[in-house]
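To keep things clear, I will list the structure first and then write my remarks on it.
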Amino acid sequence: MVYSYYPGCTLKTKAKDLDKGARRAAEALGIVMEELPEWQCCGGVYPMGKDEIATKLSSVRALVAAKEKKQDLLTLCSACHHVLKRVNNDMATNEDIRNKANAYMELEEPYAGETRVIHYLEMLRDVVGFDKLKEAVTNPLTGRKIGAYYGCLLLRPSKTLQFDNPENPTIIEDFIRAIGAEPVVYAYRNECCGGYVTLENKDLARSKVANIVESAKEGGAECLITACPLCMYNLSNNNAAGDLPVYYFTELLCEALGLDKEGN
Amino acid sequence: MQVNDNKDFQPTIVAFCCNWCSYAGADLSGTNRLQYPANVKIIRIPCSCRLNPIFILRAFQRGADGVILCGCHPGDCHYTTGNYYARRRMSLLFSMLDYLGIEKERTRVEWVSAAEGAKFAATMNEFVDAVTKLGRNHRLEDLRCKKQ
Amino acid sequence: MQRIGVFVCWCGSNIAATVDVNAVTETLAKEPGVVYATNYQYMCSESGQNLIKDAIRDQKLTGVVICSCSPRMHEATFRKAAASAGLNPYLVEIANIREQCSWIHKNKEEATEKAIILGRTAIAKVQLNAPLIAGESPVVKRALVIGGGIAGIQTALDIAEAGFEVDIVEKKPTVGGKMTQIDKTFPTLDCSACILTPKMVEVAQNDNIKIYSYSEVEAVKGFVGNFTVSIRKKARYVKEDICTGCGLCTEKCPQKNVPNEFNLGLDTRRAIYIPFAQAVPKVATIDPNYCTKLNTGKCGVCEKICTAGAIDYTQKDEIVEQQYGAIVVATGYNPIKLDNFEEYAYSQSPDVVTSLEFERLMNAAGPTGGVLLRPSDKTHPHTIVFVQCVGSRDVSGCGKPYCSKICCMYTAKHAMLCREKYPDTEVYVFYIDVRTPGKNFDEFYRRAVEEYNVHYIKGMVGKVAPSGGKLKVQASDLLNNEQLHIDADMVVLAAAIEPDKSARPLATMLTASMDTNDFFTEAHPKLRPVESPTAGIYLSGCCQGPKDIPETVSQASACAAKVIGLLAKDKLTCNPCVAHSDELMCNGCSSCANVCPYGAITYVEKEFRQPDRTMLVRRVASVNPAVCQGCGACTVACPSGAMDLFGFSNKQIMAEVDAICK
Amino acid sequence: MENLEIARELERISGVNPRKCMKCGKCSGTCPAYDKMEYHPHQFVSMVETGRIEKLLESESLFTCLSCFACVERCPRGVEPANIIEAVRLMKIRPQNENHLHAEQIPELLDENLPQQAIVSAFRKYKK
């Protein structure tokens, strides 16, 4: 299976671990990730205003590029996934946004949301299959108790993202089982960590992180895994107790597949 | 749109009323002595969905100046869905008539319940006014049926 | 040659004051076909009617036009008079010169002119009237009630009481329905079983009632007065007539781990079971999904211990065919599945329960013997949060757009019972609106607040987080503009109710219409609330819309009254103003059947003689006059003009149009 | 009257019809930033509906919303309170010199591990 891959800015800088692990693991699983040439920042935050067109264009360019290659667009960062998927949905369903974006882009063939945006985790679940992944695991993380942290952007709004049950998701838990570890299901795994205000309202961010960390630890989690660089930063840096390590899910994936972090 | 300047003009108006709601509504406006012009003549049909577009064409052919259909409110049809059929059929027919040059103001669908005597009278007053302003209708008229 | 008589009524001065009745009479007398015209002070009076009757006989009239009040007033009167004089009643037409002429106009000249046109219009129509004979169809004097809950039971009892036979088809092994699972009833707090079980016994003992339990309706044919219904009696692997209901088998069966649906899965039962002690019929049923003998061929414990010899592992489903005059739908409701509401953690914590589960937890015959214990650790809950409107009034696509109607009251009941039985519990009720219309209902709710000190909070729960054996409830308190965080021991969800899943396929079988929520629609929302628009189909209970028990019972009895009214007749007189198809013109395209709301149109293969004398078999529409209600939708849909309506034919209406536009 | 016009403009930007709200308060029951907000999600919806926009425009609550979409997800009437809050935010920052954060403030808030998203999510409250 060959995918167009949209890494996003953060994965090229602060969240290299997320990207590197994903590429190595994909190779081991027989998935080809072709990074889009000349991709631009998705904007990081989905512009909700119905009259915001320009801020959606960079996402549309990535979607069009994947369409031209006749490939699904694979994403890894939660924020990029959220933005690309929602912009794609706008292009498919909102006539006004579609017309204006197409008029601006002057494409040969107007774009109407044809590209399928798929997250790396969805790819593992729906294309590779968690049972196949389990077979590929050479170094099962037996005995490790891991809490999945979903955050907001992968799940909501579920009508557009259609990622998993927004209130009781299971995809990361299934992933944890596939790599041989034991998932810790805790109530706050889909509650916001306060990442958006981490720059200027540390109090709020810290109190949200505390709820999540407490809830996970109570369930016996030894660490958390996430797909979001912002959650990663916030959960690691704003956890007052500082006692619950947070990893990208791809880091543990590599470990289970017997690949070291640097990808050897 | 032509504007009528003949003050004595009396339009001929055919009103089709469904038996269960609008005909009863028309009766109620009579019971309450609510006036509306004598130009309106009512034909009773079992349901608004009984109205064949041909009847309307025939009316215009025979010299009617306006045709109005009254039925039960959506969801209240005695036969459950008849008024929905009527609404769909009439919207098609009226746009065709408009295309043929019979102004949109000459045709109308209105929902009048059995309790809405006042609405019936008001609707008829409005409709007669609107048609009177337009004057005689000559489109579709069959010259053999021309009035003396 | 037509011989038409015209009768102009003065209606005292009601007509005569604004309409010159003499002028109308004289003018109409000159219309073609009119041989007699007269006017009279009160045409509807006995002497007025005699005037008409005499004229019909003396003048040998072939049609009658009466210029009088609305046909909605006296059409039936004049038709009857004509019939008694030997004229077909459908050869009478009314020109409405009172409500639609004299009463709405002041100018006498104008009104007279209009009255003449209306009279002329009626004459034009009556020329084309055909004598119509109302058909008759026989009535099978037996009713079928589908669903054996309180609605079905009440309807069946009332019909049986009137002396007619009734069959109840119930898909579960026992009748009783949801009410058997309910602990107490509002607003009186009397025990549900205590008032229901005597009725169940009554149903079983009534000679006029036959219960098909563990059975489903398979197919329905026919029409009002004469339905043929196939009923599938599912194999229960126990001979119903031999089983004594001793219950020994249900104690000895080694398969113990079957979720007990009567207690909503809160405990277990055996593979052979009697749903509950007061079940009717009190007969054991083997659950084929769990029975070891049926699945592997080994075991047979129940057969060995049954002294009556009632067990029969070879039993097969059986189809029974039966005739009915009327069918009552009483398929009831279910709480919705809460998969879309995981923010309340229903599947994540056993201590989050639905209200119906809470009924079982409070019930003396329930899994905890009537002691309120948390399902997770069997401890006594001290803080209980009730959440209203879970899935009701929800247009987001997760729930139901309507108000489920019963939740406000049963939640008040639950809250009150909790506080009464366990005064040490704190009870919170989160509500959007409290809706308590009904006799003694609002007083009941206020008692919960004022006397039982239940905390009613205007707001909604946003999240329930199971944590450390507690349920962390996060909610808004809109009146105090606060967000609340409550550590609860139990959360009770007032789940929306929806029609039973069996209702949709049943509606298709019955050609009874449903709304978008799968509730059956009534023939008229105000005036015919217990009848389906499809003749002979009646609606009882929650299949028509959410209802509480008192409302269900009154609707069930109303429904029975309607059924009795039908069954009391030997023959049904049909409305003769129905559609009919000209077979020579019909091309069998199905356009008419597609718009018919009653399923009155079927297709038959018929042989026709061609111009070249060969015979050709064609498919043509055939209208069942007993089912057709005469709306006329098909007459307009028909592309070939084969469909027409008696009494309101194309020609008649066209003649009226011509007369008005002349 | 003028405020009602602004309210209709907000409805256009957000694509939300606040009259669909049935005042159940589930958005505010759900909101993770509730305690730090002066006006809460249900108040945003109701104040836009009735045209009381000025107070909202002056409130810090605009920038306290975490854009977690929990209110959008759980609203039983499909009202999307987060979209309304975003629309008010846009109305606040679109005029020149009305920025919530200024570019020169940003460097001192940064630390070296901070991912770009955090800066962008601060920047969304900012227009050049």
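By written order: A, B, C and D. Residues from 1 in each chain.
The definition used in the following text is that contacts are C-beta pairs under 8 Å (C-beta built on N, C-alpha and C of every residue); 3 or more make two chains touch, one makes a residue touch a chain.
Source: prediction; values computed, not measured.
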Any chain in contact with chain B as well as chain C: none
Pair exhibiting more inter-chain C-beta contacts, C-D or A-C: C-D
Rounded Å distance between chain A and chain C, as computed from the means of their C-alpha atoms: 50
Whole-Å gap separating chain C and chain D, where each centre is the average of the chain's CA atoms: 47
Chain centre separation (chain A, chain D; CA means) in Å: 24
Overlap residues in chain A, where contacts from two or more other chains coincide: 166-167, 191
Touching two or more other chains - residue numbers and ranges from chain C: 343, 397, 463
Chain D: positions in contact with at least two other chains: 70
Pairs of chains in contact (touch as defined earlier), listed by label: A-C, A-D, B-C, C-D
Chain B partner contacts - residues on chain C that touch it in the complex: 70-72, 96, 98-101, 103-107, 110-111, 113-114, 117-118, 121, 513, 521, 524-525, 533, 577, 595, 597, 629-633, 635-637, 645, 648, 650, 653-654, 656-658, 660-662
Residues on chain C engaged by chain A in the complex (per definition of touch): 339, 341-343, 345, 347-348, 397, 463-468, 472
Chain A - residues contacting chain C, complex: 159, 165-168, 185-188, 191, 215, 218
Contact footprint of chain D on chain C as seen in their complex: 343, 389, 393-399, 430, 432, 458-463, 474-476, 478, 481, 483
Residues on chain D engaged by chain C in the complex (per definition of touch): 20, 22-31, 34-35, 40, 42, 70, 74-78
